[in-house]
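Below: one structure, written as structure tokens.
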Amino acid sequence: MTEKNIIELKGVEKRYGSFLAASGIDLDLRQGEFFSLLGPSGCGKTTVLRMIAGFQEPTQGAILIDGQDMAGVPANNRPTNMVFQSYAIFPHLNVANNVAYGLRGRVPKAEIDARVTEALEMVELGGLHQRGANELSGGQRQRVALARALIMRPKVLLLDEPLSALDKKLREQMQFEMRNLQQSLGITFVMVTHDQYEAMTMSDRIGVMFDGRLEQVDTPATLYARPCNRAVASFIGEMNILPATVLEETGGMLSIEAAGFGRMRIERNVNATDRARDIIVGIRPEQLEIKADKPADYPATLKGKISNVAFYGENIHYHVAVENIDKPIAVSVPNYFHTVDFNRGDAVWLGLQVASVIDLGKERKSSQREKT
Amino acid sequence: MTEKNIIELKGVEKRYGSFLAASGIDLDLRQGEFFSLLGPSGCGKTTVLRMIAGFQEPTQGAILIDGQDMAGVPANNRPTNMVFQSYAIFPHLNVANNVAYGLRGRVPKAEIDARVTEALEMVELGGLHQRGANELSGGQRQRVALARALIMRPKVLLLDEPLSALDKKLREQMQFEMRNLQQSLGITFVMVTHDQYEAMTMSDRIGVMFDGRLEQVDTPATLYARPCNRAVASFIGEMNILPATVLEETGGMLSIEAAGFGRMRIERNVNATDRARDIIVGIRPEQLEIKADKPADYPATLKGKISNVAFYGENIHYHVAVENIDKPIAVSVPNYFHTVDFNRGDAVWLGLQVASVIDLGKERKSSQREKT
Amino acid sequence: GGADLSVFDWSGYEDPGFFASYMAKYGNEAPSYSYFGSQEEAFTKLMSGFTADLAHPCSDAVRKWVAADLIKPLDESKLTNWADMLPEIKEVDGIVLDGKLYMLPFEWGNTGLIYRTDKIAADAVSLQLLADPAYAGKIAIPDAASSAYALASLATGNGADYTNLSDEQFKEASDFLRAIHPNMRFYWSDAGQLDQAMTSGEIEMGWAWNQSELNLIWNEVPAAMMRDVDKGIATWVCGYVHLKSSTTPDEQVYDLLNALTDPVSGQYIIDNWGYPHSNAKAFEMADQANIEAYGFSDPKSFFEGSLFFDAVTPELEAKMLAEFERIKAGF
Amino acid sequence: MKRPSLLVIYAFAYLIFLYLPVMFLPLFSFNSGTIVAFPIKGWTLDWYRKLGEQDTLIQALWNSLGVGAVTALLATAMGLFAARAFVRYRFRGQAAAEGLVMLPLVIPGIIVASSMLVLFLFLGLQPSLVTVTLGHTFLALPFAVSILKSAFDDFDASLEEASYDLGCGVFETFRRVTLPVVAPGIVASILVTFTVSFDEFVLAFFLSGNQPTLPVYIWSQIRFPAKLPNVLALGSILLFASVMLLVLAKYFQRRSTTRDV
Amino acid sequence: MDNRPLGDLGRPGRGGPVFKPRSEAARGYALSSPATAYVGFLVAAPLVILITYSFWTQTYVTLDKTPTLGNYRAALSDPLVHHLMLRSIWIAGAVTLATVVLAYPIAYFIAMKARRKTIWLLLITIPFWSSYLLRVFAWKLILGFNGVMNSALLGLGLIDEPLDFLLYNEFAVVLTLAHAWAPFAILPIYVSLQKIDPSLLEAATDLGNSPLQRFLRVTLPLTVPGIIAASLIIFVPTVGDYVTPALVGGSDGKMIANLIQVQFGAANNWPLGATLSLLAMMSVGFVAIVFVIAGRGLGGRIR
């Protein structure tokens, strides 16, 4: 991955009639990176991807690929290729002809054959040349779609939820293989997904979208540690949200009074631009300690009662109801030896390291676009 | 939840032609429990559910509901109701009429109205009586389907992947609400899902199916802690699998020689029935300690090199390549303060508490039914 | 070539036997034919602008066609067979209008009462029998106003005034049609329908063309036409008219007309089709047994004693059409 | 379920109802009499033997086949584009356009026929097989559109996008993806529109010149029912041929799918 | 959602057959315009002609082009017109009802039960690859006095004398047309049955419905659009049919189209014919709209 920008989106906007499907999108994608667009259903991820591919023209702004403005360049003349969510395997062609589709008539026959064989090996489908499109399993279809796009040697590969049709086992395997493929080929991958784990495990960087806006672009770790607002914070992992009041702001630090935990000084979150006296702060469930007795070595503590226990395998989540706080606070505890064991109704203490409290800025009204 | 069995499956088998979709299913479901059927796509979950509902007759075995043999009893005369994966909301009826559907002609009009209102309140759709079926969002459709089934006051509610069509946020919310509903109504819920987290967080007990067979039925915690074989172990959470040789077997304990970690004595896994000299053992990623230096206080240790780092939010997974072991060993570390930080290529030590090594019995050949 | 000439005709008349001499002259090429199923259809199509050289209506339609400016008079001097035509036929109203010859008669025949000879005795049969309740559901007449009123005029004894019925006579005729309406099995719109019903015994009497009689004879059905001029029978004449839209040279048009009226053509149509022709010489050349069997050994009697389908006055025609629709609807 | 259900019995009864009339056509084509009525006069093969001499009848058959073929192609081609637009795109006036295309089904034939003749003559088009074809295309369009609409309903739009994405232009995509994928719908549309044209009389009568189509010829035969048995013979041959054609088509279709796979 | 002005057809093309993401609407118009323009033109012309003629007067063979409402007055005050119009609508209604009722089970069978659906659909279309006239002849053979039906009944000793109510009445018209329209009724109903999600039927069963209740409460209401489509395809042209009533309708089978036909044909009164056509189309349109609304309403009333 180099620092060269292979794709640049500058103030891109897309309207369907009066409906804003994407607005003010500024994004630079680097040569060779694995980038994911993450967001809830209907937030505009596919729209952005399709504008890059050339299936839709932005109503405003510019898209540059490898430095060239793509305005007016049709999809079939762009150096991008796409893996469709439904895979779009041509039902009337066999595997080899599907993969060869884009080369036919452009490249000599012998070269096509060689490249098809090579591409099929690459996606571990060697020998399946003659298999009919309708005789493929989901995973095989996904591989054919991948091979069909990669054989075109695109500068950028676009993937629209390439794994959402597969089951867990297969999905995990393909995640691993796709990441390896991307690293060995050095091609830029832009993937749309609504699965946070998929995005976090596969990507170099993630762009999080809500309601047509790109809220935050960062590495998975930074996104998790420093989400810029409530929406991003709760879309990625679980986040306890508490209201707080800003008392003072000095040198990048805020003095706040947080519900339940009382006064503390936390880092000002650089990403949040608007300040206000009433803000919200977030605490990740795994960054709280849960004890039967009041923990001594924590700067902030709180007393509560277990309202629910949820078992997540690697971790156990306790939901702790605390007086004067609306929602129970979630605490995640690693499942070592299954030793820690509280039950519903137990009284417990929570301990908090102040450094792990994240400033999420002012509470924003949720957009009208959101549905139940 | 009582100890009374509301549903009993005795040696149930279902063939489609020569294809065994389900075989040898023995299962007792208790009055008032939340039971999940978990398994990969095509393993026969829906088939089992539909046999209980009466849409398919078993080719062998018997199904008893509340003590009565259901052979020959058509679906419309069984005390079960179903929430379909696609919800199957009648498109020509509004919400109230959809919900009232099963009562019409059986119950006086006034009572229907009252029960519809009550059912709609229960699923938090109060006041949406007149809404058309096509004007509902995904979450609302799911609620209507739930209300429509619950209004029949079934002895057992069957749910076929009721949440898979919803997006993450909504899915989590509905999981929570459905679990609450089930607990407050005390009705037995049987839910089919392929999402392990969904099954683990919602269920009292889970039945794990593979290739038409019911492999293990247990509480979530037991399933996680004591999976009976490799398939179950790796379908639920992540599991490092190591080959081992049995040296001695005494009083429920096995002396084994495990690849890399050497000799140790572990508990014999009660669920595994066949013993062999060559077995496999499993270790959960969160039950390994990862250190830069050899940890002193661990009975078994191992040296390796980080081959990959995957970020999962609450946890970080390190994949550690170890000499003479094929697959890298996964280690999960809680993401406290993002402090522990190894990078790809670092040499590390793994520490293991012997008590957390799980006996998974003899390696089984994977069935022919499995596809890529 | 011969195909330059276009003829708007009933199908079947493209039989080369009808115009052998034309083909001989025009490189063994037949004229090209377009077809119609009824004169009304043909008129509608021509009024819509369809063009051809010749058309083949029957005498009762000519007045309207002339009024609609569709056809032009023929030049007698160019018709080589004019002298040999049956003398009576030349005078038929409609063939000549206002002293001008508009239609060259080609074939003619009778419209009369056909009955099942095994069910009804020859001396018992009469037009009035149609109104006899004993024959409820056993009779049929054409779904055509002119033909129906011809029948009714004959049945009410006003056959002679058919083209010019007085109001009272018209009412008598209408009343007769109303009287037979309840007996009606159907108003036939194609001859095959009548033949079918007559053969199966579904109907026992029907007002129909002589060609139905022929068909029944050929199929050995015991049926015959009541040919007694006194009891009431009608005669029709059809022929060729020269359309105003004609574009082919007159000479070629007249060559076909002359070929059609050639005695050889006449003999062919009499012997092979069983239709009487307009050329008197043809009767001499044709097989006399056929002429006898098909019932036109004495053409003269029909021309003198039968009702002729002349062109009725426009006002009367309109009245007939309107009234017939009401009668059929049971009004 | 050994006992055939009522529904199956009904299905076969209905088939008998559909086939009963057409079964009599071959029967009477062997009748030596010329009137289509019982009792049958005697048996003969004459009508088949003499079929070769019926030049005009045979010519009419060829005219009908030609008109039917061109109509099928025109209607299917226009229907293909329209159906694609209706299924794939949303645009203002779409409902009106879809309704408009269905209108020919519901306007009385004689009105369309006579006014179309006036219109064509006004435009300087003399009645001929061309005008008949134009008229029939009008009549067949609704059938083509509705059949092809259901074909496009099952057609995943991303297939075409995948083709553009792989570098193909509009025409290449149409030829290499759209056409082969909706081929079954196209075949169905061609069959149905051909049938519609082949049996149509009113428009054909008004719009044909001196080349009659088969129905026009048959209907004008009414004056001469003596020739009906020839028509019956021809009809029987056509029926037999179309059944054979279908059987063959089915056979080859099955062959080709097994080969492709 | 598309509210773009109609004139906005996207970027100017650069020539060459490339894929351009023009607006959906533009592509929709471009692709559907050949068909809609063709049909539109050929539909508009007859309508304009009809409407114009209906305001003129015919005197024998000449047209008086002074605009007048005389034709409408004459037609509307004529009891014959009323009578024929009502009878046409009633016969067309009977035909529609019979056709749809007979066709529904077979469509249901093909959509829900049959294994080889295409074969069945083809089997249903093949009989119509023969001339309509010939099929009508065949019906007369079957229903006729000496026909197959009567012979069979006589042979079985069920009747002593041939029945004569089989042919040449409204029954024969209904039967012949129910046969002729069969594929046009079966196909739309088949399509709407085919579209029903099977899980809806299972849901109904699950909620306690017997197969019959399930049919009445789910299947039937969901096929209302198909039934309406089939009914319109049959009803409207049947009102305009003049051939079948003439051939098998007998003395009482006359319909409004026969009267119209006479005006365009024998009577050569195009203005009156045009007026009657327009009146017929309006009544048919009215009945059809009432029918559609009633059908939808009824479908919506079933719970």
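Each chain gets a letter, A, B, C, D and E, in the order it is written, and its residues are counted from 1.
Here, a contact is a pair of C-beta atoms (placed from the backbone, for glycine too) under 8 Å apart; a residue touches a chain by one contact, two chains touch by 3 or more.
Please read these numbers as outputs of a predicted model, since none were measured by experiment.
Asks: What chains, if any, are shared contacts of subunit B and subunit C?
Replies: Touching subunit B and subunit C alike, sorted by label: E.
Asks: If I drop subunit C from the contact graph, what connected components are left?
Replies: Without subunit C in the graph, we get one piece.
Asks: Among the chains, which has its CA centre at the largest distance from subunit A's?
Replies: That would be chain C.
Asks: Return the chain pair with more inter-chain C-beta contacts, choosing between A-D and D-E.
Replies: The comparison resolves to D-E.
Asks: Quick check: how many Å separate the C-alpha centres of subunit A and subunit C?
Replies: About 89 Å separates the centre of subunit A from that of subunit C.
Asks: Counting in whole Å, what is the centre-to-centre distance of subunit D and subunit E, each centre being its mean C-alpha position?
Replies: Each chain's C-alpha centroid was found; their separation is 18 Å.
Asks: Quick one: subunit C and subunit E, Cα centre-to-centre, how many Å?
Replies: Chain centroid spacing, subunit C to subunit E, equals 37 Å.
Asks: How many angstrom between the C-alpha centroids of subunit E and subunit B?
Replies: 55
Asks: What positions in subunit C touch 2 or more of the other chains?
Replies: Subunit C, residues with two or more chain partners: 41, 44, 190, 192, 196-197, 200.
Asks: By residue number and range, which residues of subunit A touch two or more other chains?
Replies: 54-55, 74-77
Asks: Any chance you could list the residues of subunit D touching two or more other chains?
Replies: Touching at least two other chains: 36-38, 114, 118, 164, 168-169, 219, 228.
Asks: Spell out the part of subunit D that touches subunit E in their complex, as residue ranges.
Replies: Listed in rising order, the residues are 5, 7-8, 10-11, 14-15, 17-22, 24-25, 28, 36-39, 78-79, 81-82, 84-86, 88-92, 94, 97, 100-101, 103-112, 114-116, 118-119, 135, 137-138, 141, 145, 150, 164, 168-173, 191-192, 195, 198-199, 201, 214-215, 218-219, 228, 231-232, 235, 238-239, 242-243, 246, 250.
Asks: Per the contact definition, I'd like the list of subunit A residues that touch subunit D in the complex.
Replies: 53-55, 74-77, 80-82, 84-86, 88, 90-92, 94, 101-102, 106, 132, 134-135, 148-149, 152
Asks: Taking the complex as given, what residues does subunit A use to touch subunit B?
Replies: 40-41, 137, 139-140, 167-170, 194-197, 200-201, 220-221, 224-225, 234-238, 284-287, 310-315, 332, 334-338, 353, 355-356, 371-372
Asks: Give every residue of subunit E touching subunit C within the complex, in rising order.
Replies: 60-61, 79-80, 83-84, 137, 140-141, 144-147, 164, 167-168, 246-247, 249-254, 259, 262, 264-268
Asks: Can you list the subunit C residues touching subunit D in their complex?
Replies: Per the touch definition, subunit C meets subunit D at residues 6, 10-12, 14, 32-37, 41, 44-45, 48-52, 190-192, 195-197, 199-200, 211, 215-216, 218-221.
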